Amino acid sequence: MTDRVSVPDDILQISDLTVRYSSRPGTPAAVDGVDLAVRRGEILGVAGESGSGKSTLAVALLRLLKRPGRVTGGSILFRPRDSAEVDLLRVGDKTLRGLRWRNLAYLPQGSMNSLNPVARIRDQFADVIVEHAPQRRGELAELVPRLLGTVGLPARVGGMYPHELSGGMRQRVLMAICIALEPDLIIADEPTTALDVTIQRVILQTLSDLRNDFGVTLILISHDMGVHAQLADRVAVMYEGRIVEVGDTRQIFKDPQDPYTRALIESIPTIEERKAS
Amino acid sequence: MTSVVTTRADDKSEPNPTPTVRAVGVRSVLARHPLAAYAVRRFGLYLIEMWGALTIAFFFFRLIPGDPIQTFIQTLQQNYVYNVQASAEVIARYQHEFGLDGNIFVQYLHHMKKLIIDHDFGPSLINYPTPAQNVIMQSLPWTIGLLGISAVIAWIVGLGAGALAGWRRGKAGAEVATNLAIMLGHVPFYFVALILVYVFAYSLGWLPSRSAYDSNIPPAFSPQFIGSVLQHGILPAASIVIIGVFNWLLSTRMLMIPVLGEDYLLYAEAKGLRPGDILTRYALRNCYLPQVTAFGLSLGFIFNGNVLVEQLFNYPGLGSTLVTAIQQLDFNTILAVTDMAIISVLTINLILDLLLPFLDPRVKYWG
Amino acid sequence: MMTSTATIGRVLKAPVAVVRSSPKLAGGLIVLALLVLTALSSPLVSRAIGHGADPVAVAAYERWLVPSPAHPLGTDQLGRDVLSMIIGSMSTSLQIGAIAGVISTAIGVVVAFLAGYLGGWIDAVLSTFTGILLVIPTFPLLIALSAYAKEVTLFQVGLMLSIFSWPFAAKIIRSQVLSLRTRPYVELAKVSKAGAMEVIVTELLPNLAPFIGVGFASAALGAIFGLVGLEVIGLGPSGVIDLGHIIYSAISTGALTLGAWPMFVVPIALLTLLFAALNMVNIGLEEVYNPRLRSER
Amino acid sequence: MSISRRPPQRHVEDVADVLRYLSRRNLLAGGAAVAAGGLLSACSGGGGGSYSDRNAGDKGGSKKNTMPLEVGKANIPTPREQTLIVAQTDFTVFNNWNSMVPNGAPGASGFDIFVKEYMFYLNLATGELMPWLCTDYKYNDDFTELTFHFDPNAKWNDGKPLTSEDFKFTVDLLRSRQDLLGGGGDLTEFTKSVDTPDPQTAVITMTKPNPRFHYGFIAVIVGGFDIRPKHVWEGKDPLKFRDNPPVRSGPYVLDKAIQSQKMFVWKKNPDYWNKAKLDPKPEYVVYISTAKQADSAALAFERAQVDVGSIDEEHAKALRAKGYPALVTTQFHDPCPRALWLNNDPSRGITAEPKMHWVINYLIDRSKDGTNVWPVKVPPAHYPWADYPSNKKWEDQEVADKYPFTYDPSKAEELLDEIAPKGANGKRMYKGKPATIEIITPVAVDGAEYVMAKLVRDQLVKLGVDATIRSLSGSVHDDKWQRGEFDISSQWVCDVSWDPEQLYRNLQSDRAVPVGKNAVGRNNVRLRDKRLDELSKQLANMDPTSNEAKQLLAKALEIYYEDLPVIPIIQTGYPQYFNTAFWTGWPTDNDLYQVPLNWWGHFMFVIGKIQPSGRKAPA
């Protein structure tokens, strides 16, 4: 099922993307010919059971795929607001590095320890800012506390080490780092997994504020349909490496077209009252 | 063994490799500030180790058969200085002066008292009546220079090479270096010294193979003199550095590989940081800690080999003095050299251990 | 001890699988086997060269003969055939390495188990003692000891060297015993009121096999390193003619500038091969226990 | 023991007489090689003693001067053209020259050669007595008073005059310290008092007449009587005083001692008092330790970074074979043949059996020892003394032919079957116990004396005798050698420096002490042979050259051959090496004007004679 013709202001245009983990013929591709367009400023949810290829998709988008995973086909056209359109798969390392974090940011899973264990929190802000915006080196002392504030963390967290923070606090620090350079697109991979429910609510609220305050486009990857329900404008459902259905959140939950999507929706144990779209 | 718990870098068996903080039975008094508790404990261990090592060294040399004064008088006889008949009284005087009178425990206490209180090892035999510590003071700077600098260079280069070998695992360059290190890692470095001296000093004649500097340059802190010392130091230092780098490469690579799979490296790459920064500030900084302690342990090993390197290059360091002292059975100088090596190696190990918390924040001390 | 037959079976079967799995270990063992073979061939070689007479006897031939078919590596300063001397001393070096390795590993295992398994103050005392021996420069002690062991047998040399190389083995094995002790199946064995000895033999030993191998390899390396070091500066025990002794006589007679390069180069090459082989075994074993260390194929 | 009363000539000393006196007063150097006899023969007999291996290199004949000489840069702090560089032992002391302090002064560092000067020098190569600090000496008519006249312009290197006061001070200093060698010997026995009527005259009143007392003040071998400057030494404790820089009267003074280079730099003393007689060309003389690596040492010589020493015979042979132009080899011949001493004390079992001595003698392959074991090709020894022309008169061909020294293992086996038949287990039994022989040697393993003994041991083991060989460190060997706790000791025989009677007297039964007691160098092999005692006593009072003595000596030699307490193996050739790249005029085999050894006081005169070659040093 192909999406409608991409409209020039789409921020991301994925076409026929294929990713394989082993070169032996016959083994199924982890991502099998995905076509997807992401509108600027929207929150696109990517749903699917674990093993459906959604995390692989995320990593492929960020071109962080590690051996033995390889992209075997397709293209990812990315249109950052302040520079020319570029195919993330074929662009040179140097320009890709230029795009990273200034235009394309990544919010890893809560359970992973993505923060450098031996560096203080403020240093983890500083290195990316100094790398991509050296001229703002002077403002660091003021910028870091402000960013921490946006995610509801006190300034003193800047002086602490990752192992001194709780899971939730770490996730919020990651979010704060994400928006440090106000990127065009943030790819969030299971941001709420492995966190308790109260912290999930705070994380989702902060994500929604980010989109509203900074106009950030957000690709939200989660197996939890509830998260999509609360946050996503549109939802793409993946099954065995392919996108089986894309649509507005209300349409997906109210009137799922694809049999797999329907099964997925029905499997949600308690259906809360849908928030009016 | 130090009771430091660090992230078990190479143990991926636990599901979530986040660093574990173990607070086990911390004594209440020192509970509030664990660092001071550890410093006190480590210093206590240091003193015990020091006492143990000095005692082992003392009794070891004393239990070896052979009476230094008797040998000494024989050699004097050959140098036409002493008259055989008159030696009984002379032996007694020297016996006392060299602290060899009384039973072995009295000698031990005497030795320890003089060592700890007035840092005196007694007169040396090879350069009587100069006290032994003055004899070794002459050669100490040379050994510290040669051994110290080359050990540090080997450590730094080895760590860098190991990190790179781990980072570019599978690529040609890294694999060749790794296999070379495996092959030659344990070759004693005086073998390398032998080969180097024969190739570069004898056949090619590029580098000097003897002594520590060119004597027609007056020993002062002038650039020529330092240049000459460096030129003469290249071959001896090279042999220590080459093998040192191989060993450090292997061990760092082994520590590096598990760290490369960590999530924070992926995140750093996502951040678009320069590969060099990622390698040093993210990868290396997370796995180099065991190498700091290992550096301390390696000093004793390098001192052993250094004795041979100094012999091969006629380098005027502690090693040559030690061999001369042993050939002339000069107990005081032998003990002075050995004790000096023991004290310096143990002290450096203490300092390194105390530095650990400042090098890696995750390091916590448990009771 | 009905479980012993099963464990012995397991203990024997394990090595074959282990060797096949690590090329470094296999390579190291092959080189070691080759070196042992050359050493064993020394009677053949000396009969071939000496035609009945002892080619290594003093003044058996002219001095400083240039390498020739009769003497492939020439003769030395006392007219002894260098080739048969080197191969003969190869076996001496290997024997010393083996003797010292076995003794040190034995002491190391005992110390490691006492310290690691029993723990408490025994552990504190033993590990501090091991720590001291590992840290302090033991070479001066070794030099002094050898200066007085003039006429010694092979075994005595091995014993003397093992005094200073057992800490290597003890340290490696102890750290493994510590980590194994807390493993669930060991706890289980303890709970089933099995005696400490039985637990050690049935549970710990089989799993420690690779590490005892590593301990042996590093102890043997340490011993040979120590002995060759002594001999290269001419302070080695005089009763023993091994590769280090030949290197010393090559240095002290200036063989190289006389053109008799084999007397210097061949022993160094053989010893380097020996060290490399032991090192490959060492690292191969470690990689067996810790597969992730292996580089990508 | 009557002393032939010949009035002492003034200027040419009877060298032989001097030696006999010194050896009897055991004032000669202890174990060190005694050069005396050898040099005599070398010069007087022409080419007699020369073993220098002129032509043969094992790679065919030597091509004279065809090899280009590339000179390396010497690591010395002084201009190369003006410096003589000597390679010597491994120095350890650099801040003290007081040889009365144990290990106090660096031996062979140059100090004993051209900083110290002696009253008289006896040039053993020419036999000439050179007065130096003294002009002459005079006895009173009944030899109870000895007067020395000192050279008026003799000065210390700090400018102060050298007077008889210094001499008196030194003699009294030594006499008051019994434990110092000089003190214990002649000075105490013969000196009653020393008077100094004027600064140039010293008169020694003696306790008893001794026409040879002045020999003690002549520098014969290595060194002599060292006069200390009174103004420096007075009031100092000789056992603790640090003599640095050393004040003596020699032509050179200490420039600097560099410990980290193991090097002594001596420079010429501008106002040296005896320039008229000795004005050496080298401005500086540098003594360095020979490199421990034989290759590095040999290369240092080849690249002319050293002028004297630092090379061994094998490398010298290689250089000669390559036609090296700048190598002078002066053959220096040691009067002590290499030998096996056999213990005769009954407690030592089979070794005490005289027949066993011949068994061992038949097992010695002297031709192999002389060609393959000793660094230089040397002939076998049949008599227990050096084969010098001056010793030819003691050889007795008739007796020697009755006791041929041949290598004959089967004869040895026959003899062995007679005294110790094989037991059941194939081991030789002697008087019910298995025959064992313990061989010791002070020489390191692979040293020539060790190897020669090992060859004999291997033969003994083949014949079923349980023989062992052990190399012992100097003092441990000396301890066993003095206490007789050995069966065979492989070393050298130096007893005969003048006539065979010296050896026979040393082996007299009254000097044999039981095993375990310190023999203090007398009859260490505990020989007790009445017949030899008798002969030796008669010979002692006889002029050895008289024909009456000749028959006695022949009979004594025969008994010696029967008992064979000491078995000579080979003559001892020690070559000395000089490099002519920068300095020429060295003593050679054909022109031996002075003793060629660089650690003897007499080497000062060699330095006085050498000329710069004019070669420019590399930049």
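In order of appearance the chains are A, B, C and D, and numbering begins at 1 in each one.
Keep in mind that, in the parts below, a residue touches a chain if its C-beta (ideal position, glycine included) is under 8 Å from a C-beta of that chain, and two chains touch if they have at least 3 such contacts.
Owing to the predicted nature of the structure, the values given are computational and were not obtained by experimental measurement.
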| item | value |
| --- | --- |
| Centrality ranking, top chain (CA atoms only) | B |
| Pair with more cross-chain C-beta pairs in contact, given B-D and C-D | B-D |
| Interchain centroid distance [CA atoms averaged], subunit A/subunit D, Å | 94 |
| Between subunit C and subunit A, distance of the C-alpha-averaged centres to the nearest whole Å | 57 |
| Centre distance in Å when subunit B and subunit D are each reduced to the mean of their C-alpha atoms | 45 |
| Approximate Å spacing (C-alpha centroids) for the pair subunit C, subunit D | 47 |
| Subunit A residues counted as touching two or more neighbouring chains | none |
| Overlap residues in subunit D, where contacts from two or more other chains coincide | 293, 295, 299, 473 |
| Residues of subunit C engaged with two or more neighbouring chains | 251, 256-257, 296 |
| Contact footprint of subunit B on subunit C as seen in their complex | 24, 127-129, 131-141, 143-145, 147-148, 221, 225-226, 228-229, 232-233, 235, 247, 251, 256-257, 264, 268, 271-272, 275-276, 278-280, 282-283, 286, 290, 292-293, 295-296 |
| Residues on subunit C engaged by subunit D in the complex (per definition of touch) | 57-59, 62-64, 77-79, 150-151, 238, 249, 251-259 |
| Of all residues in subunit A, those that touch subunit B in their complex | 62, 64, 66, 96-102, 105-106, 108, 111-119, 127-128, 131-132, 161, 163, 177 |
| Residue numbers on subunit D that touch subunit B, as the complex places them | 29-32, 72, 75-78, 90, 92-96, 99-104, 107, 178-181, 183-185, 223, 240, 242, 258-263, 289, 291-293, 295-296, 299, 473-476, 478-479, 520 |
| Of all residues in subunit D, those that touch subunit C in their complex | 58, 293-295, 297-299, 312, 314-315, 318, 368-369, 372-373, 444-446, 451, 454-455, 458, 468, 470-473 |
